[in-house]
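To keep things simple, chains are lettered A, B, C and D as they appear, and every chain counts its residues starting from 1.
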Amino acid sequence: MINVAVIGLGYWGPNLVRNFEAVDNAKVIYACDLLEENLMKIKKRYPNIKVTKDYKEILKDDKVDLICIATPPATHYKIAKECLESGKNVLIEKPMTTKVKDAEELIEIAKELNLYIFVDHTFVFSPPVRKIKEIINEIGKPLYFDSERINLGLLQKDVNVIWDLAPHDFSILTFLFNFKPKSLIAIGSKHKHPYYEDLAHIMIRYDNGFIAHIHVSWLSPVKIRKIIIAGDKKMILYDDTNPFEKVKVYDKGVEVDLSKESPFFPTYRSGDIYVPKIENKEPLRIEVEHIVDCLINKKKPLVDGYEGLKVVKLLEACDKSLREGKEVEIEW
Amino acid sequence: MINVAVIGLGYWGPNLVRNFEAVDNAKVIYACDLLEENLMKIKKRYPNIKVTKDYKEILKDDKVDLICIATPPATHYKIAKECLESGKNVLIEKPMTTKVKDAEELIEIAKELNLYIFVDHTFVFSPPVRKIKEIINEIGKPLYFDSERINLGLLQKDVNVIWDLAPHDFSILTFLFNFKPKSLIAIGSKHKHPYYEDLAHIMIRYDNGFIAHIHVSWLSPVKIRKIIIAGDKKMILYDDTNPFEKVKVYDKGVEVDLSKESPFFPTYRSGDIYVPKIENKEPLRIEVEHIVDCLINKKKPLVDGYEGLKVVKLLEACDKSLREGKEVEIEW
Amino acid sequence: MINVAVIGLGYWGPNLVRNFEAVDNAKVIYACDLLEENLMKIKKRYPNIKVTKDYKEILKDDKVDLICIATPPATHYKIAKECLESGKNVLIEKPMTTKVKDAEELIEIAKELNLYIFVDHTFVFSPPVRKIKEIINEIGKPLYFDSERINLGLLQKDVNVIWDLAPHDFSILTFLFNFKPKSLIAIGSKHKHPYYEDLAHIMIRYDNGFIAHIHVSWLSPVKIRKIIIAGDKKMILYDDTNPFEKVKVYDKGVEVDLSKESPFFPTYRSGDIYVPKIENKEPLRIEVEHIVDCLINKKKPLVDGYEGLKVVKLLEACDKSLREGKEVEIEW
Amino acid sequence: MINVAVIGLGYWGPNLVRNFEAVDNAKVIYACDLLEENLMKIKKRYPNIKVTKDYKEILKDDKVDLICIATPPATHYKIAKECLESGKNVLIEKPMTTKVKDAEELIEIAKELNLYIFVDHTFVFSPPVRKIKEIINEIGKPLYFDSERINLGLLQKDVNVIWDLAPHDFSILTFLFNFKPKSLIAIGSKHKHPYYEDLAHIMIRYDNGFIAHIHVSWLSPVKIRKIIIAGDKKMILYDDTNPFEKVKVYDKGVEVDLSKESPFFPTYRSGDIYVPKIENKEPLRIEVEHIVDCLINKKKPLVDGYEGLKVVKLLEACDKSLREGKEVEIEW
């Protein structure tokens, strides 16, 4: 039985509580938040969970195996470090940290102490993304990834829209492709937010010619969650707002015959569309089952600190590009 | 009666012939192309139109009032100059020219000779765009313009995807807003095309804080023709592939109360949606009627050489940005 | 404080428990089911609720104010009668009973004992249906109601698809229009179900010329929940599977000028579409709040036994029509 | 070379002219209508076609091989009879005639004189319907056909909505399945039309248990052209208003295990969806090519008089059912 503590009971924390309570071989024994109101909601719903405003109390309890850190990103590093140093495995909300060097330090500490860092890249566990991973080789040579992740709100008070939404796309990219990003440009604008970008476009170039474009916005009248992944053989459309047909595989392509350039002859192939059946299961449930399985059976996590670090590297590069107003190199 | 000649009978030319033949007070008297096959198609369909391979023949005929130039962009300048110098009014296919200085010279010549230059920005005449123009003030302060114009094919042999598709967006932007663009960045990639970008993103910054993003691609598995125009009061979605609901006006917005920043309080407004009825008429027909009306009644054209020039300026800036790999200033 | 008991913890009962637990001024004190497994699920989730396999225990407890009956339809009459006779108010799952005379008897008993019968026509409380009710007069003279309520599964073992799905439409019809149905024809087929119709069409004629058509099916590859309500001035489309635009009001109509019949001149009006904002709140939550309000403040219920009876009358007429293979009169 | 005459130049006739002019091995030599205006339009567009108000002129001309009859349905029988008796092959617009006995007589005459009767069931030639025919065996045992063919207008002055729209569905049904219809019920209502039904539902029972439901309406705010064809192995959705995905094949089904009825165990199968590529070609062009091929190479037509007769039998049964207000037997 894995004993779990959850720190941070705002928007996401209660989902962690609910899922760790629901799966086999785990139970939540602590829930922690600074707001009385958030503690009361958990207490009413789960009378057996101990609630506390002081997370240090959790660090001292030997029964705790895993601490979930669902506090604001700026606090992840400090809390995670204390948890690890108290000998606890951690699940850190995305983004893992707000600085590359902090993420690197956490990885180092965990390695020394032989502890697990899980990073909560929930999309990696979502059935549509797993289905895409399963069929990704069918697309042939990958050409580009294009994501639109836009809707109205919710403006965050302490981060820009890139830090809020782009980690989803970065984690999907990293999960699907093991490519090395070379450079990146981020362009944003502050329309309604006083300090932070509320709309941004990010373009990443990879060393193999692959490119990724990600459009994130808190200011769109329509909610769009759409990713196109194109290869030279097939193309995939992942539309997360479509309740019935989330993933479509297009047997489409174009070939250019260079041998007879003049005139120029591109050949288009436009075939059938295939809509694979997608399991209807909560991504976080799948993730939590995986985490419990890793802890009990000493398995390698799908999303460990190194994966979390990659996302932080991309986020830091976005910040740099926004600041300098130009394309920046990415250290990988 | 306006006597019309059409030079260039590839894809678009026959549409010009058909529409000038169909409207009142105009008739096509010449059709010109280098390919016998294209001439024969016109001849079979319109036995009364004279066909020729030599456009100089048209220049000499005093009966000709208007010459439509639907040849490849690289030839526009040379042919249009000869037409104007022969005393003919011209309708030039978009983009007007391939160089800013060429467009400026054509404008100068037309001014001296007191002739009309019409540029064929067909979208400006499309019923959805005209409806948006009609209601544009309802959106309050304009925030951004975001266009996605993507599909599979048709790769052009002599221009990149920006020159092929972005003039539509540039002309819509120029028609809807009289804003001054300040700088622009274009990012593209050549996936299947040997020489030219087949996928590109363009971001334009205006001096009033307005921004425009345009995504054009010949490599998308799905056909998307979607523009979001957001203001601080309302937001408009123009989806040209939706047969029944092309324009939607969202009573949506977000306000941030700066007086009580801590904590940060954005207020979202999400009201009704309004789908105005859009007339179902061919844009080119409306345009051709407008041109004939201008010529007969000496009216000012909606899209003259100055409008054509603006689009060429943006295209030239895109080329520069692609070449230099960075954001570039726009001279306006 | 209203003390609530819920009998029947299959599919719908737990939703009743959850909502009565969540609203102010009510709490669930008993949950009853024949299956140990269903009781355990409630017990685990709500440790303070007494669970029992014997509903007679509930009848004897003076603290119970309201009993929710979410058992199979065939048992509603017997259980509701005992509840009422024990002095309890009841909320009966739809359909209220399986026979008209049973519903009439329950109404009679409740009247004598001065008790409430609520019937759980949840759709009447759904925000889209309430919005339609609010604007229904805009449509002018109502012409027809056309509902498609089809999907794959879930075949019921003891009733046909009409008894399973059509009560939703019957209750919406009764809520929106106070028209008197005159006759009805039901046509069904048993494709996969051994005993009961798994696909059916119902056509109801009203004495004012209004007609309703309802298509219900357990055998459709696609899930459709779509109602068209047409008037001579406007028409409404209610598409419950559309997450963002559930209700659309079309400014559309047709007028036939009878004065100049030869030739025949219909005039079509096709104007704007209006998509009213729909509140996003669980219908059952709204309903439960209403029921608690009725009980505490002695208000008249929106859906009482008489409304429940109307739905049973239509269901009974459907059975008769299926049996006799022809249109049947409806006693109203 | 097949010489063609077209009688009736209202809505559909000009499409026949255009297509017979466009295909190889045929040309239109006569076009006939009672209205000068309709003749002038053809004359302007096709200066080489002789136009006439008197179709008897066409009957006398030996050069004419095929006469297309696109006049109102009530005149089909008389004109087609004269054409056949003058030794001309005929293409008759749908519905073939307004009476079963008239269609039978025409078939008889054509047989005796060794002439072709083609009936213009255009949908049979449409690429989506042909694709469905190609894959129809994949659905297993056919269960039902359900068509919704509704929109606003165009009310016809001399027939009801069944005669106007249902022939499309009847011809598709007849083309896809060779089943024997047993009985039929038609239910309609006259909302805006003074004499004829403007909305109707038709339910056809076949002797093998298959059923068809067809909903036709001139009074719907939305345009729907949707057919579901369900089999016990797969189900097909044909949505003719979807520009990109007209035909979808659902790997869905339900099995009921009768061996262990108590409790009742249906098993649902919900697998992938497959969207076959559909050729984008005008159905009438395909049909006209087929007709010319039949005439030149003495082939058997896909839609001959017998097929036309089947549709008229179903239409006549609908009339009878509407008149008698009940289900009627169909003689096949």
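As a convention for this text, a residue touches a chain if its C-beta (ideal position, glycine included) is under 8 Å from a C-beta of that chain, and two chains touch if they have at least 3 such contacts.
From a predicted model like this one, the values you see are computed outputs, not experimental measurements.
Common neighbours of chain C and chain D (chains touching each): A, B. When the interfaces B-D and B-C are ranked by how many C-beta pairs touch across them, B-C comes first.
The chain with its C-alpha centre at the largest distance from the centre of chain A is D. Distance between chain centres (mean CA atoms), chain B to chain D: 42 Å.
Each chain gets one centre point, the mean of its Cα atoms, and the points for chain B and chain C are 53 Å apart. Each of the following residues of chain D touches two or more other chains: 222, 248, 270.
Contact residues of chain A toward chain C in the complex are 47, 222-223, 241, 243-244.
Contact residues of chain C toward chain D in the complex are 143-144, 146, 148, 152-155, 157, 185, 187, 189, 191-194, 199, 201, 203, 205, 209, 211, 213, 215, 218-222, 228, 230, 232, 235-237, 248, 250, 252, 254-256, 258, 261, 263-264, 266, 268, 270, 325-327.
Residues of chain C that touch chain B in their complex: 245, 248, 251, 270-277.
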